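There are two complexes below, and they share chain A, which is joined by chain B in the first and by chain C in the second.
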Partner chain A sequence: MSQPQPRLRAAFSLGVATLLVVGLAASQWLLGDSPQQMQFDARLAPPSVEHWLGTDALGRELWARTLAGLALSFWVGCLAALLSTLIALSLAALATLSARLDALVSLLIDTLLSVPHLILLMLIAFALGGGTQAVIIAVAVTHWPSLARVLRAELWQLRQAPYVRISRALGKSRWFVLHGHLLPHLLPHCLVGALLLFPHAILHEAALTFLGFGLSPSQPAIGVLLADAMRYLSGGYWWLGVFPGLGLLLMVLGFERLSSQLRRAL
Partner chain B sequence: MLNAHRLGFRFSPDTPILEDISLTLKAGQWLGLSGDSGAGKSTLGKLLAGYLMPQTGYVTLEGAALPKNGVQPVQWLPQSPELAVNPRWRVAKILREAWTPSDAQCQAFGVKPKWLSRFPQSLSGGELQRVCVLRALAPEVRFLVADEISTMLDPITQLELWQALKQEAQLRQLGVLVISHDTALLERLCPQRLHLSGGQLKPY
Partner chain C sequence: MRLIALTIKRLARLALVLLCVALVSYGLMMASPVDPVDAYLGPQMAQVSPEQRALIAQRWGFDQSPAVQFGHWLRQLISGDLGWSHVYNQPVSEVIGQRFQRSIALLGSAWLLSALLGFSLGVVAGAKEGSKLDSIISTYALITASTPAFWLAILAVLLFSVTLGWTPTCCAGPAGVLNQDVTLVTRLHHLLLPIVTLALLGIANITLHTRARMLELMRSEVATHAFAQGASRIDVAWRHGLRHASLPAVTLAFASLGELFGGSILIEQVFTYPGLGQATVAAGLRSDVPLLLGIALFTALFVSIGNMIADSLYAVIDPRIQPGGL
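Right after this comes the complex of A and B.
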């Protein structure tokens, strides 16, 4: 029996994820404003041939709204994960410059890790006044500590590597050592870290929106759809919650898988 | 003149590695240092090159402390060259990290031009060691601490490396501390030899 090939699997997942992203982007372009179009003769229609995933209380097509929601979530997740990784990387790099800065960064990491995630998220999103921007910033600002901790430990170990010590002894500046020797080693970690953050960021964005601290109700975000669905759940309108939820689950699982396979492959 | 004045060093509080060690390395001098495994030879070498800080005593160069920045006048050459190079850099970049050796110098140390475009993984330990030695010979360097640098080389390559280093050292009046288990090697290279045991230095 042949060994499982981590690189092949990672490439496969990467292909699937790329397809998904391209599909989402294309759907945005193809959908136009159909997620917002109301059909008052088809309110709360169950899934059928005309209404693939059913319609909501205002007769809007759920499949279009789910796709639009996923696309929105994807961009929010992407930006939040990217911003988070940048924060983690710069703080980890800062920590290597001196023992005092390291203590400060460690303190910051520990402080943020000890505060419940969701409460901090709500506070920051609320303070920033809600909306897409606020959600992105809130998720980015709360999600960097675990990655920063990994990067800091990795940097700390690298700094003791003989070639890094020798580079310093050969008269190279700290800045040179940082971007010449240390950062190139960290890029794979950053990539995987960002991909691991991504599903997390999407879930939190949906949770924030669901709780009413995130995106505005007029935007077809997954969190908005789910919050809407809550109101109609007792009436037996199951499709309102199930399809957006399934979409979110599939996207999160897909990226989770991609990141874990990339980690094994890199 | 590189001076170690009453150096003391310990990794854990109750087991001292070095106690009250003093030694002097003059420009152009070759000094041999032998000792059993774990006697603290490498530790002493790292203290002299400023890679470790002594808990007691101090190291001076021409009466002043070792500089904090810039090319260090005392260079440490480690035993395993694989760890001494960035695995993501090509040999040309590694070799020219601090200075650019002339073609004649490359030839003297047996560093072949065709290695330059390669990554260190594709060079043998001996080949890489020659690159590392040449890299450390920047114009500002006055003293070398050679920590078992020829252990993994075959006898002919060893001879070539030491000859090249001897020539360069004579030309520039470099002081060299040779750390090795190999007493025969030390006898050939170094007129003065010291033996480290029990945290003390004794003439050999």
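Right after this comes the complex of A and C.
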């Protein structure tokens, strides 16, 4: 499949993603506390004109809860991806310092990659006692290896580049080389890497919350909504299970497209 | 000789990685705010005096330093004793053994199905690049790559079990029937939907990868030469493409065991299938530390053997890749 104008496409999906984020932020501001408001005369109401996506067992509007859940996922995903990128960058930099440190970092990567992600996430969330903070840290700690590998390879290559060697030979300090030459070169990689991490982070956050290790059940997270929906599945209350997941899928898909197009464009 | 040396090196690396896994997971458990004596006592916590608690802690060696405790645990681990699971009231090794037997049917068939289907879809999409079929397959793979596993399982239950009533909604057998009385057909009937859901999720990765390899071949000089000699696209795909793309697909299938396992935890949770995944969730939620540690180590062994096979296959595909450091 030939992409005639990768930059144009990237700009387009960047626009769509920005619109999505602005929309989410605005909806949070407009919604107020309606995701938690109960209407006891309209419990488990199917989707209709008054209740756009139906209501849950306590009569709370599903559309408001889904939006709130997406916003929550977005923030958790953002923070986790950012933290993960920072870990990847610092460990990649550490690995280039000496051969021994390099072996240590690659052993760490192998260790992390050999435990199934979800089990490691559960272990970390368990160790930190659950909650939003624990989820962010757990997701950040498990997602950096692939990016760290890319950054490490890039750094090794850069250190051999003529302009870096000349700069060192001219007596510039390590800090200057790092700051002036290496970081500007690595930043686009970091940006794309963080964007690539982001959809995974959201999906893992939702999965962890769904299993009961993540965000607290009182928060309207997508994982909580779907875990709630599990209890009403056999009663035929399909909207509880379908819409929150659909929202999550659309958001993840949107950012996935954005990141792959940005990577192609850069 | 070189092969033997390489194998020994890989096994040593495997042992080192497993030791690191043990260290990391043990450290995490030590850091957890859950008090092991409380977890052991459960609801009887209120009836135990501080002196008795101290005695229990002493009996179990909680009064010693973490390093000493880790040493004890490691020694027991090597002699095959994984400890006692208080959730299932059984030795951990027995719990894992029983649960894994049930899970392996799910994991194995989903793995095979996703590898075969993913590979064939990828070959078809790559061979017919730009056709409608290709765009359908690619779009499908892109969408499933961002689908939450548990949501797909929920949708499957809603459609096939609740609305259509074709498959049971839960468990490994009908309620009220003893495990040994369940017939093979009933078992398969209960397993069908979980297997298909798990396989559908695994397909995307292999399909996209295989498609990329096929495209690479179709644009290579080998293909151009074959086309010039009058071969059709199907011919080239069949004779050259399969060979070019199959080894990477196998490698990827081995490397994706961890993801498969993660998926199975979620799927088992939705279908309440009593496998290893469900035991993991139960162990975590009810703070059964020995079981959690046992499962982490067991799955790490499982996944790192998969990774090791994948790494060895990489070396077969591309001899330039040398086994690196340590």
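The definition used in the following text is that the second predicted complex is superposed on the first by the 263 of 266 C-alpha atoms of A that agree within 3 Å, B and C clash if a C-alpha of one lies under 4 Å from a C-alpha of the other, contacts with A are read in each partner's own complex, and residues count from 1 in each chain.
Here, a contact is a pair of C-beta atoms (placed from the backbone, for glycine too) under 8 Å apart; a residue touches a chain by one contact, two chains touch by 3 or more.
All values reported here derive from a predicted model rather than from experimental measurement.
Chemist: Specify the outcome, clash or fit, for chain B and chain C once both structures are aligned onto chain A.
Modeler: These partners fit in the superposed model.
Chemist: Counting only touches as set out at the top, which of chain B and chain C does A:Glu154 meet: first, second, both, neither?
Modeler: In the superposed model, A:Glu154 contacts neither chain B nor chain C.
Chemist: Counting only touches as set out at the top, which of chain B and chain C does A:Gly171 meet: first, second, both, neither?
Modeler: So A:Gly171 only meets chain B here.
Chemist: Would you check which partner chain A:Leu233 touches, where first means chain B only, second means chain C only, and both and neither mean what they say?
Modeler: Touch partner of A:Leu233: chain C, not chain B.
Chemist: So in the superposed three-chain picture, is A:Gly212 touching just chain B, just chain C, both, or none of them (first/second/both/neither)?
Modeler: A:Gly212: touches chain C, not chain B.
Chemist: When the two structures are overlaid on chain A, which partner does A:His117 contact: first (chain B), second (chain C), both, or neither?
Modeler: Only chain C is touched by A:His117; chain B is not.
Chemist: Which partner does A:His181 reach: the first (chain B), the second (chain C), both, or neither?
Modeler: first
Chemist: Can you pull out the angle centred on chain A between the C-alpha centres of chain B and chain C, to the nearest 10°?
Modeler: In the superposed model, the angle at chain A is 100 degrees.
Chemist: Counting residues of chain A touched by each partner, does chain B or chain C come out ahead?
Modeler: For chain A, the partner with the higher number of touched residues is C.
Chemist: Quick check for you: in the superposed arrangement, does A:Gly245 touch first (chain B), second (chain C), both or neither?
Modeler: Only chain C; A:Gly245 stays clear of chain B.
Chemist: Once both structures are overlaid on their shared chain, how near does any Cα of chain B get to a Cα of chain C? Whole angstrom is fine.
Modeler: 15
Chemist: Identify the overlap between the chain B-contacting and the chain C-contacting residues of chain A.
Modeler: none
Chemist: Touching residues of chain C toward chain A in the complex: what are they?
Modeler: For this pair, the touching residues of chain C are 13, 16-18, 20-21, 24-25, 28-29, 31-34, 129-130, 138, 142-143, 145-151, 154-155, 157-158, 161-163, 169, 257-259, 261-262, 265-266, 269-270, 280-281, 284-285, 287, 292, 295-296, 299-300, 303-304, 307, 324-326.
Chemist: Could you pull out which chain A residues touch chain B in their complex?
Modeler: Touching chain B from chain A are residues 161-163, 165-167, 169-173, 180-181, 184-185.
Chemist: Per the contact definition, I'd like the list of chain A residues that touch chain C in the complex.
Modeler: 1, 99, 102-103, 106-108, 110-111, 113-120, 122-129, 199, 203, 206-207, 210-213, 226, 229-230, 233-234, 236, 238, 241-242, 245, 248-249, 252-253, 256-257
Chemist: Of all residues in chain B, which touch chain A in the complex?
Modeler: That would be residues 49-51, 69-72, 75-76, 78, 80, 83-86, 88, 97-98, 135-136, 138, 140 of chain B.
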